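We just call them A, B, C and D in the order they show up, numbering each chain from 1.
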Amino acid sequence: MGLMRVVRNRPLSDGVFELELSAPPEVLGAAPGTFLHVAVGGGVFLRRPFSIHRTDPQDGTAAVAYAVRGEGTRVLSQTKPDTVLDVLGPLGSGYSLPEGARRVLLVGGGMGAAPLLHAAQFLKGRADCDAVLGFASASYAFALDRFEACCRSLRAVTDDGSLGVKCSACDAAARLIETERPDAVWACGPEGMYRAMQGLGCFRNLVCQVSLEERMGCGVGACLTCSCRVRAGEGWEYRRVCADGPVFPLGEVVFGG
Amino acid sequence: MGLMRVVRNRPLSDGVFELELSAPPEVLGAAPGTFLHVAVGGGVFLRRPFSIHRTDPQDGTAAVAYAVRGEGTRVLSQTKPDTVLDVLGPLGSGYSLPEGARRVLLVGGGMGAAPLLHAAQFLKGRADCDAVLGFASASYAFALDRFEACCRSLRAVTDDGSLGVKCSACDAAARLIETERPDAVWACGPEGMYRAMQGLGCFRNLVCQVSLEERMGCGVGACLTCSCRVRAGEGWEYRRVCADGPVFPLGEVVFGG
Amino acid sequence: MVDRPSLAVEVCGVPMKNPCIAASGTFGFGEEYQRYFPLHKLGAICVKGLTLEPRQGNPPPRIAETPSGMLNSVGLQNPGVRAFLRDHLPRLADSGTAVIANIAGNTAEEYCKIAAMLSKSRVDMLELNISCPNVKEGGVAFGTRPESVLEITRRVKTESGGKPLAVKLSPNTSDIGETALAAREGGADAISLINTITGMAVDVKNMRPVLANVTGGLSGPAIRPVALRMVYEAARAVTIPVIGMGGIMSGEDAAAFLLCGARAFMVGTATVVSPTACVHIVAELERYLKEQGIGDVNALVGALKA
Amino acid sequence: MVDRPSLAVEVCGVPMKNPCIAASGTFGFGEEYQRYFPLHKLGAICVKGLTLEPRQGNPPPRIAETPSGMLNSVGLQNPGVRAFLRDHLPRLADSGTAVIANIAGNTAEEYCKIAAMLSKSRVDMLELNISCPNVKEGGVAFGTRPESVLEITRRVKTESGGKPLAVKLSPNTSDIGETALAAREGGADAISLINTITGMAVDVKNMRPVLANVTGGLSGPAIRPVALRMVYEAARAVTIPVIGMGGIMSGEDAAAFLLCGARAFMVGTATVVSPTACVHIVAELERYLKEQGIGDVNALVGALKA
């Protein structure tokens, strides 16, 4: 926890911004898939959670990439460099590399690309990594150059065909799994993408970890407001996205209800 | 009512700031003793009332002088030039020059000096004006040079003698009344000053107008939250500081309760 | 996108050109606001609470700022119903907008007398204020127990001479549905809610209450979640029209109240903050309807998917 | 200026090194906060509401931001009293701070069973939660009628085996003094208030409630004026200690509650916003006492000049 200075805050693509913070060692060394819980100021009452998008240990900076959705992200998008923000983190339990895994496939949908760049940075020297990123349209794509710098391969697809082939990230990833046979999939995207993945055998047959989103309070596991459903025995039980996740095995997550 | 751009916002003295706004004609031509009702922003919910301190019709600017008291004035003191503020006004009914009056004595206590500069500006060419300004200490005095430029004479006094003689504005004014025989007194200061004035015959025997303060809501006369007590018949009745005042005849105001 | 959504509503027979009503106590008798916008832009104006005799109200300070809200302890200062009828109503009735008279008494008899006097006037609706937290007698005392709500409503309705009667409910209760039902059983044509929630602020430096009256009524966005819930519950408890209010600052806030079941809404504190608030809220509501592709504001009423 | 004001208080026999208590439901069983500060810095910890059997709680979303506040609809998710006694209490009881167990049941029998199980444990105090707005049965249903407050308090007190019993009152009532009196008559050793106020938020774009449970409990600064008023009224109604809460974000906020008559205070939502809130609040309270020249925090209690 602490005060972090804004180094830069700039648009990456249509409605997507990158906030670069002067970050302490624990953030610079954070596990991929963990997040920062940001008090954005300006009368916004609760913190807002954002995955770590990338870190630059040399510069001592870490960045989050965020889409402007409502009041909190709107206020954040107007934050000026040198503003000091109250930021908690790194929080949560992120992606983990299965023992002996050599090849990881990253699958991102929309803003889900955000934590995957940090994942790709982390995997450098640890495993080969390929990325499949899906966006609604080319104008929303971001950080592709950075992904290219960190990944063995990058495939960007769009819903409307304005960038790459016209197809979903899930389908593109499914095809890649057949050819590349990764040992693990690290995914981040909307619920619809995860549901589609759960429906496909190829994702069920390998270690597949997904990052969930839920409205949050404390971010540290105490208030029990960020529940998601995870298989337990015959049925399911609530788990905390902030502390038990945000990353869970795809097969254990129960959607809808 | 309208949006006004901050031209300058700078300290005048210990804890006192001047906010200069790009102002519309109705503010530039406002009567002395009227006020602006400022939405300071930054999560502060209600507006804050400040008397017009001075206007500069040439530059198209008007200024308020304010002391940092609580959250609202703290936020205001941090407002940067070019910020656009939502400002209502001019509001209220100000000082008025009695028919045929030639000499006006201005009596200010502390921040009460704020509207009196505007009054002095207004009186230029209309009547002679002398000013007596009392401050707790020299470090709180402000705008003395501007007063000197507008008034026939200026006497600044302090509670601790660090500037001028050690005496109250009320007592200094009482002495001046004897020698200068003004036709009217326009005063602005804390309640204690007005009570002292009510106790002295010299203020009772001439037209003496005082500006009151009360916590405000709407500022336009509708919500009835800004009441003060004014003599009526045998007793008193509540009047609205924002719309019936802020300026009232000293003799009519009933203090305490 | 819809071109020009229809904003007109009708509340127990009173047509309004839009569902936005200036709330009692924050709009005086309208006179102060004429210089800010033509009053006919409003759906209706609800005037400051009227008592039988003129009333001085409580000592100042009467207002305190609180987080996202304010406390007031005005205490029903008003010139009395006769002065209203003589000095204010004529102009207001000609202003091109519906007029609602908010009435408050110390006793049931007083309520009835005021209603009787107004029943022959040009006001379009009566609003029975049994929920003012800032007066010792009457006010909220009538508004918290269902039996007394029923009783006072019945008696006032008898005196209202056919004018529609809205009963303004107090949020200082454990079961708003019960109070709403009581008002309906007493003959209310509509209910309006919420009035302010009793609250308090402390000046810790001087170790005193901020308000001379110690307690006051909390209004503004801070209470909106409570107001929305109560409107939602009340609208499910009764079928008569519900007029919702409490912290409406924007067109989207207003839409939330309509979705929860309000047929119209009142705006109070927003006007205290900005004189033209109502006009902006109507414009924003219209824009919201366009964006949602809804052609008639009445389609929002109770349309919450819950 | 006072050098080192004394912050120690005693609440019905339980000594606390300062009057700041982590509120139920926002501090878990303390485990998550150990990495942020040593728990012995707190006057006491009130644990998440305990039920007889483990409880899943309500579906998500369970939280909504509102102006200066938040709504939660957690619905008493907890591992049950047995798991608490086995897995959590041992560590907590060794943490160097007093432990308050917040208990919630569906039925009076359940409340009594939980109390009986805890009466032989190392907890220092029981807090009877009859004011949870987020569960269908029990909870707030027990907390709004004075007769049922009296009855449930009496029954649970009998089972508490000498542990001090605080009764946590619901703000969803028209007369908090009456409820406080009922708790005292039932044998409460202290009362605590306020729990959250039932509220609601609407997602106007999707025309849905934000919370899956539709309604939730409003907490945070938005409700502070209501909380202060109720603490003030309750402290005047009963002589047993009052523990105040509702929107305390700073040491000055805490001081306001003490001035209104609270013997100690709880901090909930502030911790949700910042894990170290309690520690800062204690430091600010100490600074406030120094500035006011007050040597002992107990001198603040009920010292409001009203």
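One rule holds in what follows: a residue touches a chain if its C-beta (ideal position, glycine included) is under 8 Å from a C-beta of that chain, and two chains touch if they have at least 3 such contacts.
For clarity, every value in this text was computed on a predicted model and none was experimentally measured.
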Centroid comparison with subunit C (C-alpha atoms), farthest chain: A
Rounded Å distance, subunit B centre to subunit C centre (Cα mean): 36
Between subunit A and subunit B, centroid-to-centroid distance (C-alpha), Å: 57
Separation of subunit A from subunit C, taking each centre as the mean of its C-alpha atoms, in whole Å: 47
Numbers and ranges of subunit C residues touching at least 2 other chains: 64, 66-69, 220
Numbers and ranges of subunit B residues touching at least 2 other chains: none
Touch-based graph of the chains, sorted into line, ring, star, complete or other: ring
Pairs of chains, among all present, that meet the touch criterion: A-B, A-D, B-C, C-D
Residue numbers on subunit A that touch subunit B, as the complex places them: 42-43
Residues of subunit B touching subunit C in the complex: 1, 39, 44-47, 72, 86, 88, 214-218, 220-228, 237-238, 243, 257
In the complex, subunit C residues that touch subunit B: 25-28, 32-33, 36, 48, 56-57, 59-70, 72, 74, 77, 220, 271-276
Touch list for subunit C against partner subunit D, complex: 64, 66-69, 71, 144-145, 170, 172-175, 197-202, 204-209, 214-215, 218, 220-226, 228-229, 232, 247, 252, 255-256, 259-260, 288, 292, 303-306
